[in-house]
């Protein structure tokens, strides 16, 4: 299954709730790939902290993905570039997806969840 | 007072709830002006209907504004143009606000509510 | 075909619930089955029995309930998303020492695993979000 | 100065409530008063006494309540926005024949007029929205 | 073939552009809710590259006062037409 | 002088552009929540016209891992600095 993450951390619960779907899928034995797209690429920015009121943020969850055997982290290159980011800015090793490959990533996965 | 309406009808309750603030303000004797901006200009498109499940929409409320002595309806011209609309497409007579006047509209009103 | 819907919008704030309910009627009219509606994110607010909409507006909670009665559709509410939002049933209310509850049958609090399983038991999943 | 806040985001879905609570602490630290918090749109969900967040996350309903206790801040909830969203108090529950309620003191269901009046009784209104 | 479902207008959101980039050559796009504002010129030009594969939910167009204003590249479907599109697609992807 | 408060990023939303158009010559803009993504190049160029009048909420920048990445045109304020901005402005306008 593919979990598309399109929302940024801290601003809303979309990212956290999308990650929960990925973790539960993996816990149930599904092969889970994650695609970061749009504002979702900002989930990967290194150096995030918890929120000022103690909101946990999502960066600790990202570090847990590997423990759940979720090791295919795909990142849309154009979304990164639009935001002035490169893979060196990210907290985890990822696979860049270029413009030509993006539709193929979606075509090759089923089911697809979009958060 | 100025009520800025920046959301479209039917998609969410922002527009309805913003209009309610305008109506209640007028009912309490405040002089209320309304500014349609961004997606909010779409509130004025003529020929709207209720939703397929019977959702009331906001077009009947717009027709009630005059009864509440809310007769200054300001519309951001650039927001209209971006959406391919002209004042002939609208259900009510409005005053167009051009780019130079927009900041002045905000400066001249207090309080300002933004929905 | 057997359909499932994922509903993620609050009922009186966004159009997602309306669209999902209309889609539900249409798929049934075309001879399909609606097996499951899964409520996640702010969609869990659709399950509140305390919702008191004005008489002249659609009663969405009632519409979901009718789907269950007429079609046997399961109305599943993600428990983790629901608890923090105050959408608790009698059992959770007791467990957390709260008086009163917001969810009752035919809505069921359940784990996210049920959303994952939807794909093995249904032919299509369509998402309605704010 | 005397401040009022308008909060329009659901508490566990959007950052608006967090920002508003932090702003509240900061303005008090600077010697101002927080007279009123008005909850509108999905902000009314902040008033649900049934919210049951995980222990390791901020309890926002509790944080609002503490503001009232420590500062005397009025916690006003728009009644029209609240009723359709299932945020009802005991009186509304009785009136609509519902058992159970989601709002209790120090949150108060009130009309939109109170939001309009804020400007005559407060020096600043700051809006936190999703 | 995937059916992409979009409820955002290109006048206020960048999500439509992400959806377009993710679409395969045979994929289809359905505009619904506030997405239908994108069916009208000049916003409709956003979707020029998927001519023949773009659909608009009629009920949502009508309730917004946009009936008969959609660009000619847009094919109208009613709710049952939307269901038919989901039958034909292997799966759906929602953009919001 | 008005204080405009923006929680949307120009990468995903058009709202920042509406806010800029509505700003007077002396008005100020505060970026907070997801708005702080706009404080980093190249998105920060969106706000080139209001140099000297644009502020960024530090806590939100830090929690998103963007500390020290903001453009030099951006002035950082903490929550108390945000309150100070609301003291100085006659009123605030929120863009979301």
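So that you can tell them apart, the chains are marked A, B, C, D, E and F in the order they are listed, and the count of residues begins at 1 in each.
In the analysis below, contacts are C-beta pairs under 8 Å (C-beta built on N, C-alpha and C of every residue); 3 or more make two chains touch, one makes a residue touch a chain.
Model, not experiment: these values are computed from the prediction.
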Subject >> Graph distance between subunit B and subunit E, where chains that touch are linked >> reply: 1
**OP:** Moving only from a chain to one it touches, give the least number of moves from subunit B to subunit C.
**Re:** 1
Subject >> Farthest chain relative to subunit A (centres taken as mean CA coordinates) >> reply: B
Original post:
Is the contact between copies subunit C and subunit D built from the same residues on both sides or from different ones, judged by whether over half of the numbers are shared?
Top reply: same
Subject >> Most contacted chain pair (by C-beta pair count) >> reply: C-D
**OP:** Would you kindly say which chain has the C-alpha centre located farthest from the C-alpha centre of subunit F?
**Re:** C
Original post:
If you average the CA atoms of subunit A and of subunit E, how many Å lie between those two points?
Top reply: 26
Original post:
Where the CA atoms of subunit A average out and where those of subunit F average out, how many Å apart are those spots?
Top reply: 26
Subject >> Where subunit B touches two or more other chains, by residue >> reply: 10-13, 38, 51-52, 55, 110-111, 114
Original post:
When you check subunit E against every other chain, which residues touch at least two of them?
Top reply: 7, 11-12, 14-15, 33-34, 59, 79, 91, 94, 96
**OP:** Could you tell me which residues belong to subunit D and also touch two or more other chains?
**Re:** 12-13, 15, 22, 41, 57, 125, 127, 130
**OP:** All pairs of touching chains, please: list them by chain label.
**Re:** A-C, A-D, A-E, A-F, B-C, B-D, B-E, B-F, C-D, C-E, D-F, E-F
Original post:
If you look only at subunit B, which of its residues touch subunit F in the complex?
Top reply: 4, 6, 37-38, 76, 78-79, 99, 102-104, 106-107, 110-112, 114
Subject >> Complex contacts: residues of subunit C adjacent to subunit E >> reply: 1, 3, 15-16, 19, 22-23, 25-27, 29-30, 32, 124-130
**OP:** Show which residues of subunit E lie in contact with subunit F when the two form their complex.
**Re:** 11-15
Original post:
Which bits of subunit C are touching subunit D when the two form their complex?
Top reply: 10-13, 41-42, 45, 48-54, 57, 83-88, 92-93, 96, 98-102
Subject >> Complex contacts: residues of subunit B adjacent to subunit E >> reply: 8-12, 38-39, 42, 45-52, 55, 57, 59, 82-84, 91
